[in-house]
Amino acid sequence: MNIAEITPGSYVHAVFLVASVEVREARTGNRFLRMTRRDRAGATIDAVLFQVSEAQIAAVRAGQPYEVEGRADEFRNRVNIKIDRLEPSGETWDASEYLPRSTRSAEALTGSIRDAIESIESPELKDVLRAVIADPLVAERLPQWPAAKTRHHAWIGGLAEHTVEMLQIADRVARVYPQLDRDLLLAGVVLHDLGKLEELDLQASIVYTDAGNLEGHMVQGVRILDRALAATGCDGEIATLLRHLVLSHQGLLEFAAVTEPMLPEAIALHYIDQLSSQVRPAIEDVAAARERGVRGAMMRGPTAMRELYVRAED
Amino acid sequence: MNIAEITPGSYVHAVFLVASVEVREARTGNRFLRMTRRDRAGATIDAVLFQVSEAQIAAVRAGQPYEVEGRADEFRNRVNIKIDRLEPSGETWDASEYLPRSTRSAEALTGSIRDAIESIESPELKDVLRAVIADPLVAERLPQWPAAKTRHHAWIGGLAEHTVEMLQIADRVARVYPQLDRDLLLAGVVLHDLGKLEELDLQASIVYTDAGNLEGHMVQGVRILDRALAATGCDGEIATLLRHLVLSHQGLLEFAAVTEPMLPEAIALHYIDQLSSQVRPAIEDVAAARERGVRGAMMRGPTAMRELYVRAED
Amino acid sequence: MNIAEITPGSYVHAVFLVASVEVREARTGNRFLRMTRRDRAGATIDAVLFQVSEAQIAAVRAGQPYEVEGRADEFRNRVNIKIDRLEPSGETWDASEYLPRSTRSAEALTGSIRDAIESIESPELKDVLRAVIADPLVAERLPQWPAAKTRHHAWIGGLAEHTVEMLQIADRVARVYPQLDRDLLLAGVVLHDLGKLEELDLQASIVYTDAGNLEGHMVQGVRILDRALAATGCDGEIATLLRHLVLSHQGLLEFAAVTEPMLPEAIALHYIDQLSSQVRPAIEDVAAARERGVRGAMMRGPTAMRELYVRAED
Amino acid sequence: MNIAEITPGSYVHAVFLVASVEVREARTGNRFLRMTRRDRAGATIDAVLFQVSEAQIAAVRAGQPYEVEGRADEFRNRVNIKIDRLEPSGETWDASEYLPRSTRSAEALTGSIRDAIESIESPELKDVLRAVIADPLVAERLPQWPAAKTRHHAWIGGLAEHTVEMLQIADRVARVYPQLDRDLLLAGVVLHDLGKLEELDLQASIVYTDAGNLEGHMVQGVRILDRALAATGCDGEIATLLRHLVLSHQGLLEFAAVTEPMLPEAIALHYIDQLSSQVRPAIEDVAAARERGVRGAMMRGPTAMRELYVRAED
Amino acid sequence: MNIAEITPGSYVHAVFLVASVEVREARTGNRFLRMTRRDRAGATIDAVLFQVSEAQIAAVRAGQPYEVEGRADEFRNRVNIKIDRLEPSGETWDASEYLPRSTRSAEALTGSIRDAIESIESPELKDVLRAVIADPLVAERLPQWPAAKTRHHAWIGGLAEHTVEMLQIADRVARVYPQLDRDLLLAGVVLHDLGKLEELDLQASIVYTDAGNLEGHMVQGVRILDRALAATGCDGEIATLLRHLVLSHQGLLEFAAVTEPMLPEAIALHYIDQLSSQVRPAIEDVAAARERGVRGAMMRGPTAMRELYVRAED
Amino acid sequence: MNIAEITPGSYVHAVFLVASVEVREARTGNRFLRMTRRDRAGATIDAVLFQVSEAQIAAVRAGQPYEVEGRADEFRNRVNIKIDRLEPSGETWDASEYLPRSTRSAEALTGSIRDAIESIESPELKDVLRAVIADPLVAERLPQWPAAKTRHHAWIGGLAEHTVEMLQIADRVARVYPQLDRDLLLAGVVLHDLGKLEELDLQASIVYTDAGNLEGHMVQGVRILDRALAATGCDGEIATLLRHLVLSHQGLLEFAAVTEPMLPEAIALHYIDQLSSQVRPAIEDVAAARERGVRGAMMRGPTAMRELYVRAED
């Protein structure tokens, strides 16, 4: 049973994911659970469970599938479910089935990253990056991880796609400015957001991990890098520079950079990152608006979080 | 006689440019002129003229050559000149002889810009840009104008060089994001800083014009654009978008943008501009430091106005 | 049929303006239109049109009157209309009939502006301002245009009223500081917000035009000024100063000024503008609160967007 | 002996004020005093006293006249004095003899303030202001006090002159906006900066008092007001509003306002204060530059602390 | 009748406090009152009164008990009351019965403050603080007043509890840094927030007084201090320093400090205040979340207004 | 030969440290070295070496002792040395001989830190901290390292002293708020600044290391912590919390915190750090001023970088 089929009054019996869950307290002092549930098609519906026990509160976890029985109701033109029975389901759900995903294949994207690494001339740097890419966490997650929770490339494969876009621009920037160390710049692009593999998790939706909140992806990214540096015996200045590229890529302290960029390559990395992470969501927002028929009008870009103008003429 | 030849105590008789001039008042209430003078080799020396008349104060203008007679003195390890006689010189000085200049020829740079314009597909847009480039002010000044007073590409030919760097990056960005309107993006790159042709003047050094201070190069750039739009009969949405690209290229109001970018192409333009205007000075600062023998050390980049690290190893 | 007469359940057949319109997508993937409609008395009501075709989406434009048939419903204590039939109406609606308007007549306000212009001593400046005021766009719109969308003087005739308030204060400021160039200050007051005539449009409500969003009223105001300068052959320093007054009147870059004020008259203009645009909405907010019976209490001024205290005693 | 007469090498024996004094420590560990001294003509000269005893360090106070014996020397084109003997002088110096002063007489200025107070209609408010003006501190200091240390109206009589300028503008503002309580606005103008009478002191130069630094003139001004309120038995809402006008006149917390303006009259007061305190120094800076012969040039206004343009034509 | 007993459809007849009240205008132009009402158990419920007269609008005041008759309705899962009859009640309500209160007794808390005062060594300072604590306003309100409206220690007795926490920390800080004047630091702690006794009022809920909004608690606190200084004849430097401690305790102008701390003791006071006012609400928020069963999760702390992490393990 | 003995004209032959060195270019294009040199008493003197070879430029490094021969000169009342001969010296210099140092012994300070660690109740946490303190880098450097370059506790032993001050305050804070996890708070204090051991180096003066500039002490501190976590097998939530304490102790992103504090203990840690790092330099600055005889005056605290008031009375 899909959520799209539910209409007010209908009896509901299905397995849904808990996308989010909150404990609320009614005016009477009784607690109830307020959840958002998701089906495999990606549609969501609100649900409430009254007369909930302490055990149930402890048992219901976001990101897990549960069997649900109840009745659909309508509130503010939105259908919701009053749940009568709620039990953990034995089913295994794969987030990759119902989250949006890149239009480019994981193989193509990781292949492009691998090609860029092979184009690095310094044997030492190439070794480090090969080790990074072979790190079990990276090998498993990079093909499917998103680059952010909502802001940009927030889809399956988004991190690899963001990285590939940046590699293509970085390649040109290194040609325009031959004084830049192309090897270092490309290494910076590959490394800069790898901490997202630990900062974010793929559950029913893209979520921050607790360690991601408490440490941040730049520190987590340096830990991944440090493993590769140790594995390849790389240290000294070049190791410090690689860490600096990761730690400074957000550009300014108030944008959460750990240090500000102090190498020409680090400055370039920051702006190449901005190009990809600011232009792409604006492109997506405008395309979605045009799809809805918007023409010749201002709109608030929901992903870019900017005012955007949708052209009247093509 | 070149400034490098002047030693304390020597008699000076030469024609120098007045690079800057200030009226000062001594404790006794007498006024005197404090000038910086420049020779054709680009070297500068301070000079003072005591017992100055109102007429002389009115007559001495920065950017003009004057015949000078006086004696060299030393103060704080710097040689200066106490002027006895100062008269306007009949010589004509050409700033392009003694200001630093791009390593690429004006012909090559403007040729690249012309090629980019010819690669635009929209006939209407191509016409506008051809008209812009044929505008007498643009035709005369673009080959030699700097892009800024001190911050980046502050040399003869700097504006064209900055534009060409951006065109090369923009070309790649348009390929990475085929949803972008390449024509519009390239037009934005060509147009974005043309107002600098009025905002800055080439005298003994690069200076802001009064109109540049009072209006700003974005408004001046729109005026140049408006002439080309009128000449080609282009108006409507496309004219507004071109103006928007010029007015928004500084990105944020606090960076002096007149409006913030509201088109994907305007966002891309802003970050491509940042790439060129932030990376290039960092490259130059590091190269100059290495030239002085600096290795493995932090330094304050005098042009980039950032802390920069000069690598120990190559 | 007026909106005030509609009650839940009643059948509706009337001509209403579309004040705003959005395309929404239901959970089922079907699109529908969500509109706010306005009658001639200024009252508004929400309306929804389900099963909408692409043609209808493209045809419904804010600011136009449409004939509507449907049934009134109630949701959250608000009546709305479920539309069955929607067709463009042949009626012509005049925004000036149902938007709030200044308590002073358009003739009196524009007369005061004309008097101020005639009091200017410099013949050159007086000619420029006469040309500005005779510009067809200005002549047609100034008598009725508002000064802003919501923040201050946001009513028919508001721009002229704001200008007159400022002229009265500027006249006194010029007397208190005889060193100020009164002609220049008064010219600045008349010119400073004329770009609002292009930045804003009078439709069902006051709206920003696309060109207003993409260029901003200061650049648009300079274009109006430039026409008058060309018509009267005025150029040189005085033309630059007039442009500067327009471009700097918002005072600080972060308040969207294009340049910061660099003339005593420009500084005065900025603070006189602040006086009118900050004091007037506070006066209006307090008066409206007192009208509602508020006394001796703090309130959030909805127009002034400040905390305001309404006095207990008169 | 005046400072203007001192030339390098000359023997100096005169009574000078100590305008400022610092204890410095030489590389050898010996302490010395570095002073700026002022004569009655307002000229200043640096002076050093080596081999200074603890007793002398404790005895030398800024703002007091001392008899000085020593020899003039030259350093960086500035004459200074190496002091051999330094003793307190029995002379009494009156700051008003050598500090700059308003071009308008103290009588005329305080007369204008008194007239404004008499024009207040509310008997209660008029009584409070009469009591304020009769307060011994106010009566003694208002005729001669400056409005600031350096920023604006920093001369003898400057506070009264600033107040009178504001009263003239406030009178007009109250006419333009008859909804404002003219009595309250005028009272606010008279009261707003009275705390400067305690925050600043007139010594050899205008200085901040310690209490001024530690409490600030707004709190000090409220204390003066509170005395008048107590004397006239005024309390309740009107007393709170008067305090609010004083405490909020700087407009924003980051400009050191104690609270932000919450009355239309308080908002008006803030901008009228800005008009006087921002426009007047710009006028003075431009006038001083023109006096020095500057025309058609940008300059940094030393008092206004802004970039200012000095016009080429009159 | 308690609010918890009201269910949709039930007839309501009870005495409730008006916690807040707003005048609203219906689309028809009719006014109605929208109120939040509170019972003695602290529960709240919304209520509406339609067809309200001007007299009723003027008569209904927040913080007063009214007898209410009407019928309960449901809207968005919340029960509200449509009032038929509303009359002032003769009952006297004591806020202290239904607002949250400190877990420590008023006697214990004020006793600790008194002990701290007695531990002060300087007789002069001890006298001032004894006079402060004996001030009728302080004596009456300190035992029960909250420290803030919502941000921290926002309960009955909260101000005394906040003060005692700070005294305990200050005592240690004075030991760690024996160079600090312990007497002055402790005096600063006792005095710093006493203005809250006038800034806040205890009605149905904790509210800002009008004078509190218009003057701020720092200025009000200095007035309380000034009474004690006058009573004990204390003035001179020590009086100024005490005022400075009160006026500077918020640390930075943008945090509403009247002056920034200029004494080591004032700097210490600011950070001790931060410790208590930032750490305590975070502790409370985490405890409340754990109470609701939250473990191993991020949450928005409703009082601390920060993101907080609730640990998984104890 | 000590620097204090050098007088203008004297012949100099001694071994001095190079405290800092710059390559400068004379107007003639010749390069010269400008150095600050330091003797064992901590005194400094400027020195210049003209006609310098590329080899010498490369050979001279800050922080190393060199044998110097030359002649003393005077410039701006400062003695400097024109160097004739400069050679590396075989001497070994120990920074700890001539830098300022804590008044408390290294043994006492590290003993207090050890005691605090032993007072931790959780065996797991105690093990981690014992491992941290036994880490070779920590064991070697903690007894002597400074806490900062200039801002606070910038002396030998300063880091340990800063830590001990904070431990004493934290101990009290944990008692005032028993809900805080005392173990975690104390661990945070010990760990928070350990990265300074790598960020700073003790050479002729306290300097930032290149890795310190490029990575920052918070990331470096986490690396030290990670070694101890690995050594003791501690991971999971507690490891993440310890890293969070280190990464968030600077409180706000704009103060360079890597993440903002999300635990009550992290918030407490931040303010305890502020107490020690802000109060201590103010105490030192005021004490130094009193030592110089300053009384009853405002001053700019050179270390605290704040305006400070030095009391007139004790």
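Which chain is which? They are A, B, C, D, E and F, in the order written, and residues in each are numbered from 1.
Just so we're on the same page, contacts are C-beta pairs under 8 Å (C-beta built on N, C-alpha and C of every residue); 3 or more make two chains touch, one makes a residue touch a chain.
This one's a predicted model, so the numbers in the text were calculated from it and none came from an experiment.
J.: On the document's contact criterion, could you list the chains that touch chain A and likewise touch chain F?
T.: The common neighbours are B, E.
J.: Could you work out the angle of the rotation that brings the CA atoms of chain C onto the matching CA atoms of chain D, rounded to the nearest 5 degrees?
T.: Angle of rotation between the two copies: 180 degrees.
J.: Looking at C-D, D-E or A-E, which pair matches A-F on over half of its contact pairs by residue number?
T.: Checking each pair in C-D, D-E or A-E, only one repeats A-F, namely D-E.
J.: How would the chain D/chain F interface be labelled, same or different, where same requires over half of its residue numbers to be shared?
T.: Counting shared over all numbers used gives less than one half: different.
J.: Quick check: how many Å separate the C-alpha centres of chain B and chain C?
T.: One centre to the other, that is 40 Å.
J.: As a quick test, compute the distance in whole Å between the mean CA positions of chain A and chain C.
T.: It comes to 42 Å between the two C-alpha centres.
J.: Averaging over Cα atoms per chain, report the distance between chain B and chain E in Å.
T.: Those two chain centres are 59 Å apart.
J.: For chain B, which residues are shared contacts with two or more other chains?
T.: 76, 210, 213-214, 237, 241, 244, 262, 296, 298, 307, 309
J.: Can you identify all of the chain pairs that touch?
T.: After working through each pair, the chains in contact turn out to be A-B, A-C, A-E, A-F, B-C, B-D, B-F, C-D, C-E, D-E, D-F, E-F.
J.: Can you name the residues of chain A that touch chain B in the complex?
T.: So the residues of chain A in touch with chain B come to 165, 168-169, 171-173, 175-177, 179-180, 237-238, 241, 244, 260-264, 267-268, 271-272, 274-275, 278-280, 282-283, 286-287, 296, 298, 304, 306-309, 311-313.
J.: Which residues of chain A touch chain C in their complex?
T.: Against chain C, the touching part of chain A is residues 3-4, 43, 76-77, 79, 292-298, 307, 309.
J.: Where on chain D does chain E make contact in their complex?
T.: 210-211, 213-216, 218-219, 222-223, 226, 237, 240-241, 243-244, 247, 253-254, 256, 258-259, 262
J.: Under the touch definition given earlier, write down the residues of chain E that touch chain C in their complex.
T.: Touch list, chain E to chain C: 23, 25, 27-29, 31, 54, 57-58, 75-76, 208, 210, 213-214.
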